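Note that chain A is present in both complexes that follow, paired respectively with chain B and with chain C.
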Partner chain A sequence: MTAHAKLPTPPIADPVSDRAPVPQEALEAIFDDIRKHPLYDHEIHGCLNCGICTATCPSAQYYDYSPREIVQLLWTENLEGIYDAMQEKIWACAQCYTCAARCPFENSPGGLVMILREVAIKHELPSVKEVLRPFSRVLLKVVTTGNQLAPNMITRDAFPDWGPNVTKVDAPLMVLRKAIPMPTMHTLDTAWEVNLRTSVELYTIWEATGVLKQLATVDANLFDVVSDVMDEKRDEWEEWLEDNQDEDGDTDD
Partner chain B sequence: MQTKGDGAGGAYNGFGADWTPTNLTETEAKRATGWVEARIDKRFLLTGKDRKEDVRDIMWQLEKDGEIVVHRVADHHAPELAKTLYGWDKKIPTTNLWHHKSCGQCGNIPGYPSSVLWIMNQLGLDYLDETDQTSCTAWNYHGSGIGNVVSLAAVFLRNMHQAYVSAKAHGLPVGTYYPLIHCGTSFGNYKEIRGFLLHSAELRAEVKKILGKLGRLVDGKLLIPEEIVHYSEWLHMMRHRIAARQTIDVSAVRATVHPACHVYKMVPEDVIYDDTVLNGDRVAVTTGLLQTLGAQVIDYSTWYDCCGFGFRHIIGEREFTRSFAIDRKIKVAVEEARSDVMIGHDTGCITTLDKNQWIGRAVGKVYALPVMADCQFAALTMGAHPYKLAQLHWHASPFEELLEKMGIDWEQAKAEFVAYLDEVKAGRIETLYDPRRAITSGPGYVKPPKTLQGA
Partner chain C sequence: MTERPILIVGGGPAGLAAAQAVGTSGRKAVLVEKAAALGGAPILQGYAKLVPSHEWARDAIGGMVARVQQNANVTVLTDAQVQAFAGEPGRFVATLKDGKRIEAEAAILATGFTHFDSLNKPEWGFGTYPDVVTTVQVEQMISSGKGIRCPSDGRVPDRVAILLCVGSRDRQIGREWCSKVCCTVSANMAMEIRELSPQTNVYIYYMDIRTFGLYEGEFYWKSQEEAKVKYIKARIAEVTSDGKRLVVKGEDTLVKRPITIPFDLVVHAIGMDPNVDNMTLSAVFGVTLNRYGYIDKATPYAQMAQTSRPGVYVAGAATGPETIDDAIAQGQAAALAAMTRAGVGLARAAE
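Moving on to the complex of A and B:
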């Protein structure tokens, strides 16, 4: 039994909003998942409120965000405050870990933010889908290929603010890629050519670690597309294995 | 030390009403505190405490207990020793390296990895660049929250296992190649995950089940690399050999360094510090290289700041990324340090600082600072082609003036590259190694003769 569970527990509501109050049980369930995260104890050890984390935080300069506040909310088990921070603030963190490098307690506010993001996804908090919408193209790429980024994703249309000189030599993209002296990089759809077995092994990791479940929570359509790609690649790999059994029963892999 | 006109009132400096200045001369002040420097190593307070553990001690114990196998940095990797933050030794392998590529570098700034491989060719070092590798997937994790410690650990150990066994595909013994991590985030993430794995039997058990399914155990055990090595660390150890082959004088170049957060702020105890570089107070890689090459390394007030990449922000919230990159890094490097070039050692930083200058014009912040990786700059000083090898045409920031300052005829080099593109179209492509080496399994792989298998 923790301190927060003994306190009077009126439902939490925003006084200037018509939104339904969040039941205390839901807040506790969220906090329990945070506290049970395997890295929670590694990332938080105490807090003197010195604020050196916030003083060095890049996001604190541009957003209503403070790593000190995140640590304090968790350290004091402020369930309402934690829930509120998980709506928007946790997505402001730039994940540079300057806060962790500076904290005299060896806390990692950046690491705590990652725990909060994982739990926000698990509990399908309203902000998650909105925040991650621009990320869907990247998620598709990384889950299906293991590469976060591909050359054909860097276009002037996708990054107009990068200006007209994204490449300074005017030639078809594939020609420019083949002019890179590393054969693994003569590709457009992935940053380097990815071995078929590599992709298939990665899918096993995603399935075994609940990553696909996370993906389904964030974007059901994307999950369907990813599942189709995974099925195709697995079939391709099985076919290759069948075709390449040698006389010893070994495959040529 | 208090000097004349330096706020002798004390209270103005925030020291309180009881504070009075000593009015010591510089020599007297040095004598008053010199004994501290003479008697106490500056890192003694940290190294002398038990609270700072070296996870490699746990690693060796787990191997002794029969729970894991350690992929050693062996003699055939020609290791050299470097000192880390607390004065511990770190073994840096210098040859027979397995390139753990970066998705952001290969997709966006390809001259980055090609420069590393080219320098290895110049130095006569062996390596393998192959297709059986995923990214660390940590860019995605830090940006989206999709993923978790188990998935990150499984990806880490899968790639490390592949590095260990890769040489078998060419008829060489396992352990021939040692992984060299190109990306700063992969480097930081892998070190952090290695620590979690060594501390948690539960995590090891979960990951072991997955790697068992993949056939990625060694004698039924998890394989963990002895050292996790970033390419900038390898470059640091190579700096004198690179300088010996230098053909371009860079003594007129004013360079600023942007150190990458995930390189030196994550698991800081495993980062190289060198008393001869920045007095041993800041990370030595890149700065040490530039100094050895003879460039002027100019300090600036926002050295410690991140670049603004943000993982999620570079994709979905670019107003933050470009504002931070311009206001906190580019502007300061130009106006305060009068920098000719900013040199980095990580994927996201180079991308962010290079690509986000043009948009500054929209708000009257007009800057044009070349940004590139340390390995690209080093390759240029060794005479590498700026387009064919360093691939600078993928950079959005203008590098032409810098090349002129280095005495490189960029116009001629560009014309040569454009002519080379016609050769490429005709299928006459120059590569740094035999392309057949890149495929070690599956479609396209050619098995070595039976006599070499299992060697």
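Moving on to the complex of A and C:
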């Protein structure tokens, strides 16, 4: 049971919105999950409202987002405010953690946002699918290749916001990449080549830490595609292990 | 019985008060000062008018120095440092760097503090922009009689920002303490700036205002109501420059938006660090330091000046951020403790 005061039942709806009020129990369940997060006490110690986090925040310059507001909502246990911030605001954070580097009391608003995002996904808040949809392509790339952006994804059409710098995409990228000493970077299809064993281990980590479960919540189709890719790679890895097994049953790396 | 003198280390307000108290009581004191002159931070660093008396430091603390120098029972040694300290309460022997030996009944450490070095907060522009200064520099501007000027070109500033808690209450740089006096000193300084150049606007950026006790009326409210100093609740993120003026970036926490504001002069209200010599002092005198690096003090209820070593006492900002008034009171308390060898018997009984 949480320590905060109970709201009147039934809860008071927003008089200028048609949206049904969120039941108090749902708000409490969300806050309990936030507060029980193993990192929660590490990321928040108290807040004086000094505002250095928001002053230093790049996202606050452009969006209706304030790290100080996030910390205050959590510190004062404002359940409706937290729920409201989880609809859109928490997705404006770029996770640069400058706020955490500046806060005189070593709070980490960026870390709190990460917790809020995890809980938003767990509770399947409507905002989650909407906000994360544009990232599907990147997510697929990460899950299938091990890195999120490949050189051949950088085209004039894809980055109109680069302005005059867009001419840089016309550089002979393959020649330039061959000049890099590490052979894993001699490719344009991925940022660098991730070997099969690493890929399989990454999947295992994503599976064990619940990332794939989150993906199933956010985008069921993408989850199916990724699962297929994963099964394929795991089979490949098993085959490789069998092929390379010596008489003692050890694998030869 | 021939009584040995009380050894007092440090000639600032606490050490001067202790020396004067010991001397006036008829006992002998030896005052050892590292610098070439007595007076401590208020004299050596050129403070202007003190809080809360509004007396000039050179008059107030200068008077303490003169009284100690005229006290026949006090021997003053300047440019002197204790290199070794041995013995028991009642028969300590201190060896100075120049080889001189002093036999002492007891010792009082009044070794003070070191001002926070603003270079440790590079995002606030000190050391990068000449017009970013510390409260100590503004004290010197006022006490020198040259008035408030921008160091870059000597112009009288139109807009001055005082940033509080520079080197205080900041876990990022391992300084968790409140330095106690900076809020009141800054409020006083803001009033002095307004008095010296009424065309200058002064803004104070704060997290909390801690003008504790009676300072609330005389400094916090008076600076707002009479001197029209503006207080803004915001901790500044960074100080940069547009090439002409300083640019201060913060959040206006009332309208909840990030803001950038131009200033001519930015003043860091720097806090009190433990004396940079405290590790050496701890080793030489065999006293422990607390977790912040100040000299450890026993519980005040039996004897407030007690260190971890019987017969060695401590007073003033050596124990943590302290006001001048309280440093003086602690110096007198330490003198009484040293003369009565307070705590020595208790420590023996405990063993």
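Rule of thumb we're sticking to: the second predicted complex is superposed on the first by the 223 of 253 C-alpha atoms of A that agree within 3 Å, B and C clash if a C-alpha of one lies under 4 Å from a C-alpha of the other, contacts with A are read in each partner's own complex, and residues count from 1 in each chain.
The definition used in the following text is that a residue touches a chain if its C-beta (ideal position, glycine included) is under 8 Å from a C-beta of that chain, and two chains touch if they have at least 3 such contacts.
No experiment lies behind these values; they were computed from the predicted model shown.
Overlap between chain B and chain C is detected when the two structures are superposed via chain A.
With both structures placed on the common chain, the touch criterion links A:A55 to chain C but leaves chain B unconnected. Using the contact criterion defined above for the overlaid structures, shared-chain residue A:I180 touches chain B, although it does not reach chain C.
Within the superposed three-chain model, A:N165 lies in touch with chain B and out of touch with chain C [touch as defined at top]. In the superposed pair of complexes, A:A101 makes contact with chain B and with chain C alike. Contacts of A:E201 after superposition on the shared chain: chain B is touched, whereas chain C is not. Taken together, the two structures place residues 56, 61, 101 of chain A in contact with chain B in one case and with chain C in the other.
On chain A, the positions that touch chain C within their shared complex are 48-57, 60-61, 66, 68-69, 101-106. Against chain A, the residues of chain B that register as touching in their complex are 101-108, 110-111, 113-114, 117-118, 129-135, 137, 139-151, 154-155, 158, 162, 188, 196, 199-200, 202-203, 209-210, 213-214, 216, 261-262, 264-266, 268, 304-306, 308-313, 315-316, 318, 320, 322-324, 328, 355-359, 387-389, 391-396, 398, 414, 417-418, 420-421, 424-425, 429-433, 435, 438-443, 445, 447. Taken together, the chain A residues at the contact with chain B in this complex read 38-39, 42, 56, 58-59, 61-63, 91, 94-98, 100-101, 114, 117-118, 120-121, 128, 131-135, 138-139, 142-143, 146-151, 153-154, 159, 161-169, 171, 175-186, 190-198, 201-202, 204-206, 208-211, 214-215, 218, 237, 240, 252-253. For chain C in complex with chain A, the residues that touch the partner chain are 123, 165, 169-172, 207-208, 233-238, 249-253, 256-259.
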